[in-house]
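As structure tokens, here come the structures.
Both of the next two complexes hold chain A, though its partner changes from chain B to chain C.
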Partner chain A sequence: MNALKRKDLFRLALVAAAALIPAVPAVAGNTFFMHVLILILLYACMSQAWNIIGGYGGQVSFGHSVFFGIGAYGAGMAVVTYGMSPWPGVIAGMVAAAVVAVLISYPCFKVLSGHYFAIATFAIVEIFNRMFLVWYWVGGALGLDYPVIEEGLKNMMWYDTKTGYYYCALGLFVLVFGIVRFLEGHRFGYYLRAVRAGQETAESLGVNSTIVKLAAMALSAALAALCGSFFVQYNLRVDPAMVMSLDMSIKFVLVTILGGAGTLAGPLLGAAVLIPLQEYTRALWGGLGGGVDLIVFGLLIIIIVIKQPAGITGIARDIAKLAGRRPAEAKGGASRGTA
Partner chain B sequence: MDTLLQVLLNGILNGMLYALVALGLCLIWGVMDVINFAHGEYVMVAMYVSYWLGFLANVDPLISTLAGGALIFILGALTYKLIIHYTVGKPPLSALLATFGLAMLLKNLCLNRFTPNFRILSDTWLGDRTFQLGGLIVPLPQLVTAVLALLVIGLVFYMIRSTRFGWAVQATAMDREAAELMGINTERIYILIFGIGGATVGIAGGIMPTSLAVHPEVGTMFGLIAFICVAMGGFGSIPGTLMAAILVGVVEALSGYYIAPVFKYVAVFGLYLAVVFLRPKGIFGW
Partner chain C sequence: MALLEVRDVTKKFGELVANDRVSFAVDAGAIVGLIGPNGAGKTTLFNCISGLMKPSGGRIFFDGVDITDLPPYRIARMGAVRTFQVVRPLKDMTVLDNVLVGAFLHAAGGAQARETAETCIRMCNLADFAEKISGDLPIGIKKRLELARALAAQPKLLMLDEVMAGLTSTEVKGALELIRRIRENGVTLLIVEHIMEAIMPIADKVVVLDGGVKIAEGPPAQIIHDERVISAYLGAKFSRRLQAGREGGTHG
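Moving on to the complex of A and B:
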């Protein structure tokens, strides 16, 4: 009963938001505000992509910046190196990221678990970072700088306003969250959560855990690459340190865990809290000459993790509890051990 | 032939330094199953301590390494008391993410106070001194660092293996609740392990300014290499970490010299992947 009610409420909120959100550019004149909104949507999508394998699948990967970077380079090379529309590059990047993800993950899933898996993914990020630094074909350490070409959806580029990027990010958001929402109710989503809860048990019931994890990883990587393509189109520049770094990888994890891993709304909540903090501290103190914004941001991360390890959805759940309603979903994300 | 031996020597000496950096991580990981992401930043802080003592008070890094050790002991214990303590029993990732926040805080604090400039300490006792051994050139700073590393690692190994405190640590690592029922104050053990782990990194960072430039980003790579060494050595195994660190040093030197300097970390991280795919729990793990 409660589960149904919550779901209905959630849908209602979603519909209301969906009706309001496209109208935002009409009222928001402030471009910095638009910038923050776009980043919130982008990071929500990135984290949702990570959430597929990291949250629902319980395989904590710190390697997603590699896939993100491949997507960014896909679009970037299409425009800069080959002088065409970014779209074929986006598709190529997504496919390449999925292939790389499967190739990397197959041995990782086979033999590694826990911290060993996490550190192996660190190592992979560092390897890709160095390779791209010296790989002449992809622009090396200098990276790729976008030329000025015709704006519009065909080139996924806008100059004078951020409205185009905003609608693009919104489309990305609907796509990524739609896919994950679909998976939640699909057989595949149940398999994935079963593997997270207990791989041996799931296998004894006939779930092929390797295939399930690999498929989830491939999908997660492809969506991360799509986000990477959007990121590079928004920044109009890409180099290895920007996209393929541990810091970027950790942002995927951080936003999801803070929001609540393994939940649909978690990534959005995490991004909605973390990204404004990041951007406004940067705007406030970033200009003071080094580091003040990141000092504050680091401190905030520590406080949030210590005070609310179940993520922001955990806070929402506590509020629901206070209001006398029993939380519909007693067990949350992968971030919270059930043992 | 001489070149090969020289490269090997440099690699082994560097590896010993990596081992000393990794030792603290190994202890903390082994006893508490926590990954401290701020480990590399401990190195950086200790290096700054040593640098400023040398620059302002003319204290040689050989001496201020003790100050580095003491300071990072306190920093480590504080990290446990103020951060890790609140993540025990919570999902394993929360400790990692909280210490990532700490790493960000420390790195940018130093960036803010000391600027991103590279700082080099000149006129140290060991300086750029070298001596000849057969056809080999032995750099004195690296040699002394390596000896110090072996000394500290031996001491910590002995402490864990053969003292009452060490047994208590081992018991806590195996089963915290059972250890507590045996009358061990596990909370104290955790604080001390974080402190001792910090102190060993502090000693490593304290001596580094003899041969390395100090800047806010210097710790990051040391931290990553420490993760690799500990994971490759096997869960909380001190000899394993030492072996792995030397292997990392040698591979780094060989690939840096014979392939290209940019590829040395590709080789190091590739080595890690190769090792864990063959032996998933590290060389000495099970």
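Moving on to the complex of A and C:
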């Protein structure tokens, strides 16, 4: 009875917090804190996109900065090169990213196995980085600089305040997390986790593991591209080094693993811890020559991997267990939502 | 018509012939036992039928279709579903989630899959473990999970690879009872067993393998009096094998 009440209170608190989220700009205004909040939402979405194939599917990709970059360039080129609204570019970028993802991963899933996928995705980051550096059509090494055009949702662009971006990031968050939450309880989510846990077993139960992994990869890449589109609209410029880099790729991986790979909440928790760290260390120690944030990242990951490989989600579960809740309750979360 | 027909199936691993022109048929609705001493090639034959391995020669037909070159998931979708001798729970998933993976194969949606999964879990006496993480469970329960998961995929032919090995005698009795009930639901069964006593009371027909070769086929009552079967189980096979010049590890 008591535990039930506590759970209800917790739910109520969550709903109340969720209701307050849209009101944040009224309080936070146009501050650095606002910027950090937007980045937390963005990185949570990026990591959630990665989580589909890397966490639920168990296929570690180091290539997600490429898909992110393709999305950024899609929106960027629509605005800068073609003088359109970014939205058609967003769609084109998502499709292109999904196609590239499938082309790269098909041979890995079909013919090769094991670590080749990680290696192949690692390699494409350098390839795409170099290609975009010398490719005149996409702006080359100079990248794309946005012109001053009308602000608003049509151009996904705001100059005076960050409020518009904040709501946009919230929308992105609801969309990406909503998609993954939906899939978790459906056939595709079960098949994806089954393929991770035992490919031969899954196949013996009628699961075409190649198709499942390819679909997960395509969706993951498309959502990463969507995040990339938001990124370029937020920065109002893009060049190859900003998006298509191993640094960026590794952030997709680290945020998810720190938060808890293969869990819905993991990417949000990871981003909520790492992004403030990154932004505030950068603001404080940026003058020391960059990289301090990455040192902190590295330390955190080492501690997590040693202490609790399941990430922050795992730590939360441990705490819940200590607090006397039944362990089955804490673990069974993913299985509840079959619909 | 036979539901499953194995025709001259040969499987070689380099020099080693694990299955040597094995042929037999499984009629719809029957319980067929596939027995033989350790290393007789039973699991290899299972792997060939379920698509996990490609035979070196011969053909396999299921429901009138040549399935020899089909991938495992296609064979499972057609209705031939297997369990594994070395249990393979999807470790970080709960028992219910494991069974749901099987149930989604022929379910229209999540609600229907859940219903099928829960029925199979009840049938296999796993209700108390439904929310437990499958990797943490003892072997007897993992064996039942193998069975429940395969059942949830609603097979026409259920292929059981030593589901009774390592169980206590009470558990074996329970398993035999369950197998009878599965057959009553219209499922055909092909059962690999190492222990002859377990399979004899329930099988309509028994196929005996030894050293990769089919040495006998027939109803259990006839098989237990078969000279070659007796000698195979008594270990005379080693002398026979030496004579055939084929020593060098048919143990698999």
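As a convention for this text, the second predicted complex is superposed on the first by the 283 of 339 C-alpha atoms of A that agree within 3 Å, B and C clash if a C-alpha of one lies under 4 Å from a C-alpha of the other, contacts with A are read in each partner's own complex, and residues count from 1 in each chain.
Methods note: a residue touches a chain if its C-beta (ideal position, glycine included) is under 8 Å from a C-beta of that chain, and two chains touch if they have at least 3 such contacts.
Quick caveat, the model's predicted, so the values are computed rather than measured.
> Is chain A touched at more residues by chain B or by chain C?
B
> Just chain B (first), just chain C (second), both, or neither: which does A:300 touch?
In the superposition, A:300 touches chain B alone.
> Taking the superposition on A as described, I'd like to know which of chain B and chain C A:193 touches: first, second, both or neither.
Second partner only.
> Touch test for A:201: chain B only (first), chain C only (second), both, or neither?
A:201 sits against chain C, while chain B stays out of touch.
> Give one of first, second, both or neither to describe whether A:276 is in contact with chain B, with chain C, with both, or with none.
It touches nothing on chain B or chain C.
> So in the superposed three-chain picture, is A:185 touching just chain B, just chain C, both, or none of them (first/second/both/neither)?
Only chain C is touched by A:185; chain B is not.
> Is A:140 touching anything from chain B or chain C once the two structures are fitted on A? First, second, both or neither.
Neither partner.
> Under the stated touch criterion, which partner chain does A:126 make contact with: chain B (first), chain C (second), both, or neither?
After superposition on chain A, A:126 lies in contact with chain B alone.
> Using the superposition on A, tell me which residues of chain A are in contact with chain B and, in the other complex, with chain C.
Common interface on chain A, chain B vs chain C: 334-335.
> Of all residues in chain B, which touch chain A in the complex?
29, 33, 35, 83, 86-87, 90-94, 96-98, 100-109, 111-112, 115-116, 224, 227-228, 231, 260, 262-263, 265-266, 269-270, 272-273, 276-277, 280-282
> Which stretch or stretches of chain A touch chain B in the complex?
60, 107, 111-116, 118-120, 122-124, 126-127, 130-131, 133-134, 246, 250, 253-254, 257-258, 289-292, 294-295, 297-302, 305-306, 309, 334-337
> Name, in rising order, each residue of chain C that touches chain A in their complex.
50, 52, 71-73, 76-77, 81-82, 84, 88-94, 96-97, 100-102, 104-105, 107, 109-111, 113-114, 131-133, 149-150, 153
> Tell me, which parts of chain A touch chain C in their complex?
Residues in contact with chain C: 185-187, 190-191, 193-194, 197-198, 200-209, 328, 331-332, 334-335, 338-339.
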